[in-house]
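Labels run A, B, C and D following the written order; every chain starts at residue 1.
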Amino acid sequence: MSHFVNLSLNGISSGMIYASVALGLVLVWRATRIINFAQGSMAMFSTYMAVTLLDRNLGYWEAFAVALAVGLALGAVVERTLIRPLQGKPELNPVIVTFGLFILLEGVAGAIFGVRSRGVPAAFSQSGLTIGHHRVSFSHFDLFVLGSVLALMVLMLVLFRATDVGLRMRASAFAPEMSRLVGVRVGRVLTLGWALASLAGSLAGLLVAPRSAFSPNYMDLILVYAFTAAVVGGLESPVGALVGGLLTGLVLSFVGGYLGSSLEPLGAAVILILVLSARPEGLFSRPAARQV
Amino acid sequence: MLEVDGLTVSYGPVRALRGVSFAARPSTITAVLGANGAGKTTLLRAMTGLVRPQEGSVRFDDHELTGLPVEEVVRLGVAHVPEGRGVIDQLTVEENLRLGALWRKDKSDRKRALAETYDLFPPLAERRRRLGAALSGGERQMLAIGRALVSRPRVLLLDEPSLGLAPLVTAQLMALLAELTLLASLTVILVEQNARSALSVATWAVVINLGQVVVSDTAAAVGTDTGLRHHYLGF
Amino acid sequence: MRMRSSRSRRAGAMTAVVSAVAMLGAACGSSSSASTRGVTSSTITIGATVPLTGPAAPGYSEIAPAVNAVFKWVNAHGGVYGRKIHYIYLDDAYNPSTTVTKVRQLVLQDKILAEVGGLGTPPQTAVQGYLNTQKVPQLFVESGCTCWSDAKYPYSFGWQPNYTVEGKILGQYIKQHFAGEKVGYLFQADDFGEGFVKGLDQEIPASQVVSRQSYDAATLAGPLSNQIAALKSAGAQVVAMATIPAATALALLPAASIGYFPQYVVSSVGADPPTVGPLLSSFSKGKAGSVLLNGMISNAYLPPEADTGNPWIQVTQKLLKQYDVGAPLDGNTEFGVALGYTFVQALQTAGKHLTTSSLMDAIEKHGADFITPGLVPLTYSTTDHYGYSGSEVVKTENGATAPVSPVYVTSNTGPITLYTGTPSQPPSNLASTA
Amino acid sequence: MAAARLPSRLRLPDQPMLRHLVLCAGALVLFYVLTVNLSSYHNYQVGLIALFAMVIAGLSVLTGINGQISLGHGAFMAVGAYTFALVQEHVTLPLALELLAAVAASAVLGLVVGIPATRLRGPYLAGMTLILALGLPQLADKYNSVFGGDEGLHPSQLVAPGAVDPNRWFAWITVLVAVIVVALLANLVRSHFGRAMRAVRDNEVAAMLAGIHVGRTKVLAFVVSAGCAGLAGAFLALSGGVVTTGDFPLSLSIYLVAAMVLGGAGSLVGPWWGAIAIVYLPQWSTSISSDFGLGSAVAANLALVIFGLVLIIVMMLAPTGVQGGVRWLARRLLAARFPRPPAAAGVTAVAGFPEPPAPATPDMRTEQERTHP
């Protein structure tokens, strides 16, 4: 039983991380109908910025803020310079550009920072909490992960649902040409979408780093699982990213815990196929998305 | 004053417009008429910048519109209600309407304009929380026009507003347009296949065939030219 | 220099040869070995594939430059019999298909004399057949697979102790010092982990083993919390681990997090404090850091890096400082320097007329007498291509390891015996010129 | 496909089958001349290019012609390679039958994946195939007694007759098979089935109304494409004489898609460009960066930088891939030599290369249903 509880807790904490990367994927998808394969390596890059500053004795939260800002800016720059010019080109091209960026950023990070792996400090203690007389594998830091990803989700939902900017973003996502026809500067909205997505990614990068052997590759597998999570949840929906992330995290944890770690990705694949067989556009797909 | 001068548009090797010119006087309705495929829709799209003309220009007061991005044209007060599918299905009625005025700085006037639109189209007020996808054809048309009006445009480009509407509703719509030109000093460019009802409210009419202007004259003159009516307008 | 080892005579002779490096350098103009692939009168071309990018690059990418540091030192002092060593190491990203292609490039384009220090079991087994049919020696493979000593593949040579030997020596230590305690295993689900476990199982009574957990290196994305939770709930008091450094850290972190502090016994592969320590700095804002490593038991076949009084460590530090600028002294670079030096010894022993067979002969017939930093001698013979076949058991305190056992030698299935010889000293020319 | 747009002045036979035969014969002669002039190692690389061309060509048909994406072709290659090795280990068969077994096994997996795939839109299909690319090879790790674990399986390599260099022999066999595969695909693309695939890609509803069985078409496309990947996997096993899980990392699947788009999606000449990129680009970029005297670790990372940059730059400058660019260049050169009235040229270059005229959308229809990668 306690094994089950531990597996669940581990699944939740890694699931929240998949959710935050998945949220970035969803934001980019909604903005530009692209799967951003560079999402993980962009996060890696901004996290390296934070780590470099930490090594120079900058305070933890200052470095944290810088990484988020770098993430925001990186997202905007990538959209403007690499994605925008490909508008109207064959639809796979921008996706391949994000592959290129993914390889490019890992190469740049490897050349600048080296490929040696290292630890990265965490915001809070990673000692497990004591509940009753049991020390569970869920720490203050895991609580912080949970809290900050949930906070990000809520902020995004508020932004989307309750603000003019959010209305513009949703309108541009669903009907870009129509949105321009009512005066929405869609270009800026897309840039903002990428920037926010990259911000979500940076947060994920900072949250993953202390739980990993930090090196230029440390986000690669996370990205794959986050993509699974986003697809399971439905690419249109931030809530779907959260649910998909948790589901993926739990499935990976249970499969790894009960069947062996070699089968983890296959377990994720099975869940994904099951979900998509029932709902081809993920759990939180919109019935309103009509086919012509 | 809205002036179109020598507008030429091609889709690949296909010429859709060849040197179209006309002028629309302020606070009037100008009907753009012609058969299916004559180039009417392309004309409106070229005017707002949805397609880039190869030649020619569109001027509005002192502004050169050609070459401006669509959203900037709109922000000069040119509203465009496209044919059929202008409503964003995934947004609610209210969100669709709010979106129309979002670019305007004056927030209190935005609210006022929203309220006025609900007054103008009571069915929309009843369905303000519904998704766009859930509306009937007539309601969609109302929503599309309402959304254009909340931005308090100075020019309104309407593409086939009567399509799919009952004759009675069409008549009400035309009357409303006539009223707006007077009350809100709105300039309307009305693209219609239903030439008869368009001519009933228009002061000026432009007839297009195969991408070229055939006639540009007063609505009354066009409406009474039987040859023209038989040839191009089908009534 | 006095050598008390049973091999002192040969070792003495070797020292003389080593001293000859610099002097013989320029003297040997012409050579008759032009017919040997990769060898000219002035150069020796060798190569290797190693992961320089990709998931296996952290740590492992440091080895080849350290190997090359030795060659640079040799070249700066005239080469071996006047021949400068040209070491071409290519990135295979630990992908065996890439290894297959790059090794063909090395053999067919670069015409290497031998592959020296290719890394990893999967990549290197992928080219083992090819190199052997091409009669290109595959020397000192950086892997503890037992497959390098195989009569089918006479051109392949291992170097580091094989994983089963490591497992046996650590297993014996567990049997002796933690008798009756519950033992859990945590191992990488591959040749490394399974070989190590095979060694452990030879020594530790099966009744003592309460849990066997594994992880997959290809999907190592976060803490090994599940495995640790399972070991804890099985009540394992001793956890024997065959883990790469990243996995060691990703196991220790969640264990500390749930307040689980078993006695860790870790293969030398994943126990190097300078490599693992920084990976643990994430624990509670870096304060704890390598404290988590305190008390960890491991094995070592090279002198501890922290033992700066050791002449080999001093030489290694100097070599790295001069010829591998910026590289830290850690398990990887020490490994690289020792391996590179082993190859230089082989070249010197092979003599002036360097051919593939003279090189092979040198290793098979005289390898056991090579002077290397190893705590045990290399065991090469015509039937044994393993390399080091023993180690001592060490304990980590405050980021440094110190021996807690004598040096043992053993083989895959044979008994474990005490090694009574003395470690060799670096030759004087190396100590003085490096 | 490739020949379709060239000016008729090249006077290729009009009958597609015949035209493909002539083109293939030409390609084979070209390759023969190439291989006898290249060194052993370069012959080996020619073989690698040919085997990658097989899988990329299958992918090009799947994505470019049928509109389905797969980020899991590495898994199909793995199935082909392991099947090939296992068959060879347990029974003695002629090479052709062993290869066919590999094709069959991966085609069966293609069927299994293709059936749920019929209902999925682009990114969902991408997600499903990507996780398969990660998960499937892991099975071989899990059941390492069957699949050989780290040391892998060791199928025997090709035995060259007489004095032929083994790498040259490998190149010949692989190129021959690859050219046959591409020729078969070219015929397929020109056939009824090819038209059905394109119709499904362009508009599923319209295709259905035209009497095309959409699901069957999509599944069959997947099967064909997976079969090509399996064959390539078998040749990969042949090339090195070893099969391990490490041969099929996730990055392989991604590189395959990148190479396919780089060459030109939907083209059957493009895959050869893509294959050249996969085989040569890492090597060129490593040698470029080491020419600057950089250490190997930095040089290796710079190779990644250069590879990434090439992908980005080609996509931005030549949206239809290298083959699209080559065609554009060829057309320009031909146009300069045989000037034609400008009207016939149809489209004018806007930026870089011209595209086929975008489907004119004078109504607002497209905006609601933006397409997806």
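Convention: a residue touches a chain if its C-beta (ideal position, glycine included) is under 8 Å from a C-beta of that chain, and two chains touch if they have at least 3 such contacts.
Because the structure is a prediction, the values reported are computed rather than measured.
When chain centres are defined as mean Cα coordinates, C lies farthest from chain B. With A-D and A-C as the two chain pairs, more C-beta contacts join A-D. With centres defined as mean CA coordinates, chain D is found 30 Å away from chain A.
With centres taken as mean Cα positions, chain C sits 39 Å from chain A. The geometric centre of chain A is 43 Å away from that of chain B, both derived from CA atoms.
In whole angstrom, the spacing between the mean C-alpha positions of chain B and chain D is 49. In chain C, the positions touching at least two other chains are 52-54, 61, 189, 216, 219. For chain D, residues touching at least two other chains, in rising order: 134, 138, 141-142, 297, 300-301, 303-304, 358, 364-365, 367-368. Contacts with at least two other chains are made by residues 106-107, 110, 115, 174-175, 177-178, 220-221, 260, 262, 264-265, 290 of chain A. Residue ranges of chain D in contact with chain A, taken from their complex: 63, 69, 116, 119-124, 126-128, 130-132, 134-136, 138-139, 141-142, 205, 250, 254, 257-258, 261-262, 265, 297-298, 300-312, 315-316, 319-320, 355, 358, 364-373. By the touch criterion stated above, chain A contacts chain C in their complex at residues 2-3, 6-7, 10, 14, 17, 60, 106-107, 110, 115-123, 125-128, 135-137, 139, 208-215, 217, 220-222, 225, 253, 256-257, 260-262, 264-265. If you check the complex, the residues on chain A that touch chain B are 164, 167-168, 170-171, 174-175, 177-187, 286, 288-290.
Chain A makes touch with chain D in their complex at residues 29, 33-35, 37, 82, 85-86, 88-97, 99-108, 110-111, 114-115, 174-178, 220-221, 224, 227-228, 230-231, 235, 260, 262-269, 272-273, 276-277, 280-282, 290-292. By the touch criterion stated above, chain D contacts chain C in their complex at residues 39-41, 44-45, 48, 134, 138, 141-142, 149-152, 154, 167, 236, 239-242, 244-247, 249, 251-252, 279, 283, 286, 295-297, 300-301, 303-304.
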